[in-house]
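Okay, so chain A shows up in both of these, paired with chain B first and chain C after.
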Partner chain A sequence: MENKIKEIIVSILEDSGNYNESVEIEASSRLREDLGMDSFNLAELTVHIEEEFDVDIFEDGLVNTVGEIFAKLNKHK
Partner chain B sequence: MKHFIVDESFQIQKSITTFLEDIHADNHYYRVYRYANFYEYLVNLVKALVNDKDVVLIDADFTQQELDNLGYADCVNLEEEILNVVYLTDQKEMVKKIQDSKSRITLFTSGTTGLPKVVHHTIPSLTRMIRVGSNYQENIWGLAYNPTHMAGVQVLLQSLLNLNTLVYIFGKTSNEVALNINLYNITHLSATPTFYRLLVASKDVFPLVEKITLGGEKSDPKLHLDIKLSFPNAKINNIYASTELGSLFVAKGDIFSVPDSIKKHVRVVDEELEIHTSIIPNMEKEEWYKTGDIVEIIDESPLRFKFKNRKTEMINVGGYKVNPNEIEEALRLFPELENARIYGKPNSVLGNIVCMEFVLNKGAKIEVVEIKKRLSEQFQDFKIPRIIKEVVAIEKTRTGKINRK
Partner chain C sequence: MNDVELIKLEIDHLEMVRNWRNSLYVSASMYSDNEITEEQQQKWFLKIKEDATCKYWVVYFKGISVGLAYLTDINLSFDSCYMGFYLKDSSVSGTSIAAKLEFNLLEYVFTVLKLNKLRCEVFEFNKPVISMHEKFGFRREAFYREHCKKNGKYENVIGLAILSNEWRVIASALGTKIYGKFFLENKNGE
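Take a look at the complex of A and B:
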């Protein structure tokens, strides 16, 4: 699941020209500050994750880090 | 010294004295100003207003094609001379001159026919909901709306006319917004639900903020709770406004009451909110204007109502309205595509997200990135579909219309 999430994040960033290869995506990475995702990127992220895992990760408010996404999805397992 | 205008991205911290000096610096102004940076924009706007000159406010992200279509391509950012330029002795005179201005202010709205629509305003129509007085003098405003759009113009007039400090935070990341709120002790914010959703995610607390206004799209109870946690001392208001009509109603919670001053000019027909154009100065035609907003009446007299949804097909993306027909029309010119459909999908970040489905012509190929790239040459960023999928067929309704649900 964690690799799938990272894959989704990379493809969104690549598509929008915001991808920086030198930045490693880790659980502690902050979506906006560290990975450079803007509000459109975050909106795309919810759609792709919902398609894959059937969970709207931002339903109860936005999350800030990659690790918090993992935690949300684990809770719904 | 008290700051008057702050824009950190251009290291701008101007006092009212410097602002007045910059207004007086020369006797030229731009009638058609394409937004480049906030301070220059504001100096130009105030210069136009105090000299009773007409001004056209053009968004920075209008494409060349949009400017051509609107007929402004040739006159953008051309300097024009002001004869008998007004000299302002102090800030009070500036406020008075703005309030008495005869200027026509032209703004744009995303039209339903494909092009941004031209909307003309005057100072009376723009300042209807603006409050000026000693109670407002100490307010410190964060400008979180695009300054060339109706909501942004309202915030900057509210702040200018009370000689408040105005901090430019539009387009900044939530982190930068939070820094600005704390650094400049911002007390008043007016923004879209999407802006607050991104800001409160950090769980920062801003005890100095006294008033939060939401507008531009539907908000939800969950967001109101989060805002209360982040802004524990703020009063929360909803505002109803449109580019055509300006600000009209303010709601506490989600129930809007119609102020006495305009109650004769507001009615609900078949659940749709209608406003009489006679309350808007200098409107060419007097008629009932259909807002396209479907409301639920709570009380008949005095009228109180709740917003339910939009009648039109416009997709509201974080407060920006996208007309699906406009994008579909552009897609019809793509030789690779047999058919395409644009629709909105509810989204927990932006309210709605623009999605696209397409059917390829036999043997044709096109990358999603290429679709986005070509659309970006014609359209502003918020109109570009974010979720794009190839499908075998586009679902149509029984009347042959493309289904948007």
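Take a look at the complex of A and C:
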């Protein structure tokens, strides 16, 4: 699941021309500040994750880091 | 599908909106950052309430008030208007709300009001906002040099705009990107 999330993030960033290969995507990575995702990217991310895992990551509050996405998905397992 | 809702600004919203507007977070990206008094806010509301050239809404996301959106200078001779919005603080700006809100405003302007051109102005230093408008198809049309004085410094402003026919070309693809299958289901169900 974690690799799938990273794949989704990379594909969104690549699509929008914001992907920086030198930035490692880790659980502690902050979606906006470290990975450079904007509101549009976050909307796309929500859609992709919902399609893949049937979970709305923003349903019950904010998500700031990649690790918080993992935690939300683990909670719904 | 739509978790962003626009509710017409009413008198009961005024104090909440005034507090947002007076915050450093919001005033930093507005032309004017003078503290707005309760009386000024009331007078402003009475003026805009009767003004057919503007529309103001409180933005709700999943039922919670998160910001203000507005259309101004609605000009039925030119079929154009200006768009603006702000979210109340960084806790809601770090989400997908701004993108969904912008999508909704564009749809409203071109589908409901059937205008031809939507314009907006953004400080040159506010690069993330300019970039997001460009993702929604806005193009840069103007560069206003030293247009506004902020914190004792003159700031440049970028004027952006999008036309109705440009929006129609990209609206479905953008809707699908930010709403996914729910957008398609909604479109097909029309």
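What we mean here is this: the second predicted complex is superposed on the first by the 77 of 77 C-alpha atoms of A that agree within 3 Å, B and C clash if a C-alpha of one lies under 4 Å from a C-alpha of the other, contacts with A are read in each partner's own complex, and residues count from 1 in each chain.
In this text, a residue touches a chain if its C-beta (ideal position, glycine included) is under 8 Å from a C-beta of that chain, and two chains touch if they have at least 3 such contacts.
Here the structure is a predicted model, which means the values were calculated and not measured.
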Partner chain(s) touched by A:58 [first = chain B, second = chain C, both, neither]: both
Residues of chain A at both interfaces, chain B in one complex, chain C in the other: 32, 39-40, 42-44, 46-48, 58-59, 62, 64
Contact footprint of chain C on chain A as seen in their complex: 16, 31-32, 38-40, 42-48, 50-51, 58-59, 62, 64
Chain B-touching residues of chain A, taken from the complex the two chains share: 15, 32-33, 39-40, 42-44, 46-48, 56, 58-64
In the complex with chain A, residue positions of chain C that touch it: 62, 91, 93-100, 128, 131-132, 135-136, 177-181
Of all residues in chain B, those that touch chain A in their complex: 173-175, 194, 197-198, 200-202, 222, 226, 318, 345, 347-350, 353, 355, 368-369, 372, 381-382, 386-387
